[in-house]
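First chain written, first letter: the chains are A, B, C and D, and each begins at residue 1.
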Amino acid sequence: MSGSPTEAERHERARRVVAHMLAHDPFSQWLGVEVLHVAPGAVTLRMTVRPEMANGFGRTHGGVTYSFADSALAFASNGHGRVAVSVDTQIAHTRAVQAGDVLEAVAVEEQLTERLGFYRVQVTSAGAPVALFRGTVYRTTHHHPEGDS
Amino acid sequence: MSGSPTEAERHERARRVVAHMLAHDPFSQWLGVEVLHVAPGAVTLRMTVRPEMANGFGRTHGGVTYSFADSALAFASNGHGRVAVSVDTQIAHTRAVQAGDVLEAVAVEEQLTERLGFYRVQVTSAGAPVALFRGTVYRTTHHHPEGDS
Amino acid sequence: MSGSPTEAERHERARRVVAHMLAHDPFSQWLGVEVLHVAPGAVTLRMTVRPEMANGFGRTHGGVTYSFADSALAFASNGHGRVAVSVDTQIAHTRAVQAGDVLEAVAVEEQLTERLGFYRVQVTSAGAPVALFRGTVYRTTHHHPEGDS
Amino acid sequence: MSGSPTEAERHERARRVVAHMLAHDPFSQWLGVEVLHVAPGAVTLRMTVRPEMANGFGRTHGGVTYSFADSALAFASNGHGRVAVSVDTQIAHTRAVQAGDVLEAVAVEEQLTERLGFYRVQVTSAGAPVALFRGTVYRTTHHHPEGDS
């Protein structure tokens, strides 16, 4: 590919990278993550909570919601084509989740610099927020081979 | 139990609460969490990483390490006998983890007020830190029935 | 005031509480904070950075930007009329700030429960983000007397 | 300087860098920051809270405590001789501070990699913790000229 990629090429690259990552990500598969939407720096994911994901209070374990948001962070930030790794993440669990709930994670890019990317992920259940997640990634100089057409 | 519990009674209560929580926590069981040490406000846990816990880079998914630390937070903070729920948590993944690694999580209480508890969890693999976790919990007025002798 | 306050009364209460807080807040005054907009759970503030606010690199000290965002958190969360205190806050400094920059902080409420409030504050300079802030507050049962008409 | 610096040289470099940073940092001077101890990756600072540092509740503004901890982060992380900039910081204000309080900030390095540094800062007043701070810095490839002997 010569020159700067077009907008359509950037979207296509993001889709290829995310599809490849999910296909090789056994834990996101165990969670049952589905990709609803992909754009450079942004994804929307869905999953359905199962009884085996509960904690000692009969609610969904906070780690499950975090993992779902963290996959959204990885997919959103790597869709630019460069390998990006999580540096710092933070999550507030604002409402209890239960088995059977269908969760949606919307990741958006708040800012992108040469070395760092800043993302926000909101996790909702039936439209109501259940977790607020923020993540910062370090952008390495390695490229995803899947990103090349 | 009348009067303030003795130190030995407080330890015994913490052990009963944590044992009950883990016995009813399917996701911590899926992770393979073992309890190595319990004290009021503190726990040490161990787990062994399995291949199905990997992410799209062939490393352990950040959500697995978070979940492990989050279980340590829940066990440490609930061991006082009052139901405590996570408010805000933060994690930095400082070194890659791989299948076969044996992780240890040490949770310590940084501060405890009437309404809030502040904890730090360090996750190590073979003695080297792999994740730095901080968590704040809200202490409800409900008591764990298991905490009563 | 009997019954639930109307929307107009809630806005008026927020304005009274914020005006009273700022009038009694010497550090926000030292920063030069001006209130541009107030609504229940939301504020927009402005300040101009001065040379004495620099750090050892000749850029604005991160604590100044944090303080500005933290005032926005306090004003947004207390505008409901109940005294709210900060529990956990987090900030990423995404771009350097310099003396002479005019900063704007926009605080929005992400979620509100009986006991906790979750806020996001974006700080910009000339429209470009310079800091991303998140804050959680604990809502006490005390009311601001200024909130009563 | 040829070869790896000795332990004594590393301490001396840290002291030179911190002394130079504080001497050029007007906001830390406004706070009244004093350096009690410096080592590579670690510092202990002291300051006395003044009435003009209060917020709208008559307590010390959370931004003052954050600023104090953030200076400790900057001094601890830059003492290695490479310019380090803050990426993500987080603070929990666990106890109210008042004018006249003498604060101490102890910054320790939790982990150091080629590109990132992870620090914890505890702020105390008369020995009791008032704030728990965590910070991650990005280590640039620029060196502090003051670090060279």
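Brief remarks on what is shown
The definition used in the following text is that a contact is a pair of C-beta atoms (placed from the backbone, for glycine too) under 8 Å apart; a residue touches a chain by one contact, two chains touch by 3 or more.
Here the structure is a predicted model, which is why all the values come from computation and not from measurement.
Look at the contact of chain C with chain D and you find the same residues on each copy: over half of the numbers used there are shared. Among the pairs A-B and B-C, the greater number of C-beta contacts is found at A-B. A centroid comparison over C-alpha atoms places B as the chain most distant from chain C. Centre to centre, using the average C-alpha position, chain A and chain C are separated by 29 Å. If you average the Cα atoms of chain A and of chain B, the two centres end up 25 Å apart.
Here the CA centre of chain B is 33 Å from the CA centre of chain C. Residue positions of chain B touching 2 or more other chains, listed in rising order: 87-88, 90, 92, 116, 136. For chain A in complex with chain B, the residues that touch the partner chain are 20-28, 30-31, 51-58, 61-64, 66-68, 70-71, 74, 83, 85-93. By the touch criterion stated above, chain A contacts chain D in their complex at residues 87-88, 90, 115-116, 136, 138. By the touch rule above, chain B contacts chain D in their complex via residues 88, 90, 92, 94-95, 110-111, 113, 116, 118, 120, 122, 129, 132, 134, 136.
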